[in-house]
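Each of the next two complexes has chain A plus one other chain: chain B in the first, chain C in the second.
So, the complex of A and B:
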């Protein structure tokens, strides 16, 4: 039975004996080595990921002090961290949308730009943040975005702002800025790849008929790569939700993101219950995004 | 084929090369530090090499798990996991946890009593060598050093610094956003400022510090926290202990609570302007020791005792703790003072005098009060 299920989810796409859902033992037998090869990987996933995940999801409903089951952890999480939950959702969504916007713009210029030198420079430049670890980005932005930091000093030197107008960006704005900066190349890479795979003749036809580049991008290119844009945004959203270092290092004061609260509950109060409840809330946000992702995946496979 | 053989040889060579160090008969003493980077450096650069020289064939491996509760919590989890798994010999020999987690570990039976069996045990005379936030830890710990929080300020901007929380409030009202602290969740210097505030305005400071625990003593907290919430409107929030120092350095704030040792180290490294000063304000701000402790089933317990004996000897406390790292000694100060020149000794007390320390250096609250206090801050001030 499980072999049949796995086959449907495309884990074993190339085993002819398992196609059409018919799996008799004699047909499976020749593929035992392949299945054995999969066992270690599956074991690792189950022992190190599925089991702890399940454990913490279940224990989100457990009050260790009173030794009872219930929703008290969620009540506590809501009472203390409601603002943080909304901030987390807001920052993650806003960052994802901005990432989508800029990624489409950069990828669009890479595939439609006419100035070859500009395209080459952009191509070389935009991937850099991909190779810088998140903690390093956090440390960088701490001095870059501060009130007397590099950014404001540069703006003052250029005469764009007056020294008295300088404000610190070490709050939700700084976090959004950092997430967009860090995650943009990843989304751009995916979207630019999808754009490069488009049929060029269609774009050229549109250009010949007099459509401007912006028109081609919005009217022809983006609709065709929309599924990829969506996927890259969902993946960005999910990875932003899980970052601890950036809010820890950049966000002064409160509200803050719930990863900080989770770490705080465990470190300061040894309270895994509320931390688990917050984890479950974060997981629920991811699950909504994952639903979109899977629905899109199923639709894509249906077309093939 | 040739290439394959070459690759095989290379792989074999690499494998042997990697396996070689493990096969040497060398005892490794594992020290896990739940402190800031300077505390890890202290072991790797100073204490470790000294111990290795005195004990040939021993290698000291220092591991930093990060500062504050979060770091020490990792030590608790590691030891608890080995205890729960029924492991006979634990792979950690010496731990350096903070007060709160040390108390928890003693209660959970994760540490062993060793103080009476080492020659420097008699120097453990401070109150914090007996009690860690209300838990009796006598015999289980030797204080590594004492650290203290105080307000750092820039004398160029603040000519007449406040000397109490009351004066600070007046100063902040006149100079909005010039005072900065790191809130509750971004490091202990912020927590210490909040605790000091509660000692000043929350009532019953002696009971909060010494016990007994009774929720009745928390009745006046809400008023104090409401005032703190109003106070917070006029301050700048900083991202972390280091964040406060960074902002002082860049001139974004003129005053803020910091750890005294971190302040001196940063100043010595040239990461802070040399004119910055410290002030320990009344009625007091908390400080805390870090402890040396030995896990209950440490593999090299005898060696660990020897290591701690060295670390808490008057010479090492004088040259390492006081002179090199600017911490207050963990052991009896009188034993340390005689090892230092008068100049070195007085440098430690330039801004914060022994009289200031005697009057205004406080411990953190009893563990249950401490938990309530932080949670109440989250509920009343941050919401």
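So, the complex of A and C:
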């Protein structure tokens, strides 16, 4: 999954290259045998992704019981799940911003830290969640954040809370904690990569002129890696919106994330209409995030 | 430069933050491991009251279904790797040519399934598969997993073929080798470390896949993630934690070996 993120940053800024892809038929002809090699893989994407995607877009506007078209699925989704829609948006946004903040902090220390041992320890530490499957993370957090979990036990042992104050964190707080825990390494990996590619001489010049490390990070490093930070925020946002297992395991009761509601509509009521309407709402959230990124990208290029 | 006395608070703060980070990273993992060997653990006991391995026996009993789910998971992952590698080798070979028309469009097409939240697609795939009789079959689950892994296999294969030395292929052709022979004796062996790395990624994605299996496979096909979910919702911490550990081990093992197969120069070419 982390490779996915690295890939996406590579391809997204290349979108303008599409404009150079105009080809006349005579230029394409010699490539036909090679293009044929792509056919099986493209077929899989069309049959298993584009076709179901179209299906979902169409059936979001269809009431199959009455056999009519309209917005009734969205009305129903809003009536039943408005709370969940806001919770989903809130949890995804809050997690993405926390991921961005901590990723910049960790990547910043990795590139500006002066104590080599501390940098090495941090580098070794932060990657661990990358290797742990999402479902396993769900189970780990179910035990860790529960009322009798190690987190409460540690807080009680330190005297921060009394045993009577111990509560379960398996609600929106637990989901944010889990998403940040799991996604932070991807974002850090991306941002640290971008920071490593910066021109060191400018950073050293600023340090020599007496700027503190925090000031160098906020004033010089972060503005230069801002596009990567944005990409990692958006990638985190999209992946959080697609996770079904974590909210199902942490917090299947109400209010929960809309992925759980979609699964529930289908599994219990075979109600594909409302499920697809909720799907469309989650795509709309992603589309807004993507537009924000593209607009920012255009502005950046416009400045250059 | 600050004097030695002034640096102590900074050093203490740094150590404290690192320690806190280590606790946050390893705390959940430790809690899971503790539950795998806990016989009884009630609030407000800080550690298990009774320790033991009796739940391990319950997980590994044939009627518990965990072994069947493990077998299913491994079999589905192997099939997914075979299908996606068979698709990715020709596609990656084609995409490794920079002169290919609409190359960036094709690269983007393979990324699309990852750029949308997957649940709504998965539930419609399940609906379409239901009509085709593919629901609850291994074939159906393998197809869904293949879609999830395709961007990795295609993009990594493309980067791997782009790293093949063109002059060696040309030399083989000049010496009279057919295009097929040049491909199988020069290009493919040189690209194979990257292809093995992509196979490992696809294997892990398949092993971890939840939502597609949930809609397409369940209840006929149970994989380890579904088994873990069931155990977790039944509220049995021990069985769920032991199942989670079973799922965690291959991921850590494979991640340790994947670095040996993914060369830095290939890594840098992914998606470009």
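By definition in this document, the second predicted complex is superposed on the first by the 267 of 304 C-alpha atoms of A that agree within 3 Å, B and C clash if a C-alpha of one lies under 4 Å from a C-alpha of the other, contacts with A are read in each partner's own complex, and residues count from 1 in each chain.
As a convention for this text, contacts are C-beta pairs under 8 Å (C-beta built on N, C-alpha and C of every residue); 3 or more make two chains touch, one makes a residue touch a chain.
It should be emphasised that the depicted structure is a prediction, and the values quoted were computed from it without experimental measurement.
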item: Joint occupancy of chain A by chain B and chain C, clash or fit; value: clash
item: Chain B versus chain C as contact partner of A:188, first or second or both or neither; value: neither
item: First, second, both or neither for A:168, with chain B first and chain C second; value: first
item: Which superposed partner A:73 touches (first chain B, second chain C, both, neither); value: neither
item: Which of chain B and chain C A:256 touches, first, second, both or neither; value: first
item: Which superposed partner A:88 touches (first chain B, second chain C, both, neither); value: neither
item: Chain C versus chain B, contacts on chain A by residue; value: C
item: Touched partner set for A:45, first chain B, second chain C, both or neither; value: second
item: Touching partner for A:248 - first (chain B), second (chain C), both, neither; value: both
item: Partner chain(s) touched by A:232 [first = chain B, second = chain C, both, neither]; value: neither
item: Contacts of A:96 with chain B and chain C, given as first, second, both or neither; value: neither
item: Stretch of chain C penetrating chain B in the combined three-chain arrangement, among 61-69, 79-87 or 205-213; value: 61-69
item: Contact residues common to both interfaces of chain A (with chain B and with chain C); value: 142-143, 147-149, 248-249, 252, 263, 266
item: Residue numbers on chain C that touch chain A, as the complex places them; value: 14, 18, 21-32, 34-35, 41-47, 86-88, 90-91, 93-95, 97, 99-121, 123-128, 143-144, 146-147, 150-152, 154-156, 201, 204-205, 207-208, 210-211, 214-215, 225, 228-229, 232-233, 237, 240-241, 243-244, 247-248, 251-252, 255, 270-272
item: Partner chain B, residues of chain A touching it in the complex; value: 79-80, 82-83, 142-143, 146-149, 168, 170, 248-256, 260-261, 263-264, 266-270
item: Chain B residues touching chain A - in the complex, by the definition given at the top; value: 68-70, 73, 76, 104, 182-186, 232, 236-240, 243, 246-247, 250-252, 371, 374-375, 378-379, 382-383
item: Complex contact set, residues of chain A against chain C; value: 1, 3-4, 6-8, 10-11, 14-15, 17-18, 21, 23, 27-28, 31, 34-35, 37-38, 40-42, 44-45, 48-53, 55-56, 59, 115, 118, 121-122, 125-126, 128-144, 147-151, 153-154, 156-157, 163, 166, 181, 238, 241-242, 244-245, 248-249, 252, 259, 262-263, 266, 272, 275-276, 278-280, 282-283, 286, 290
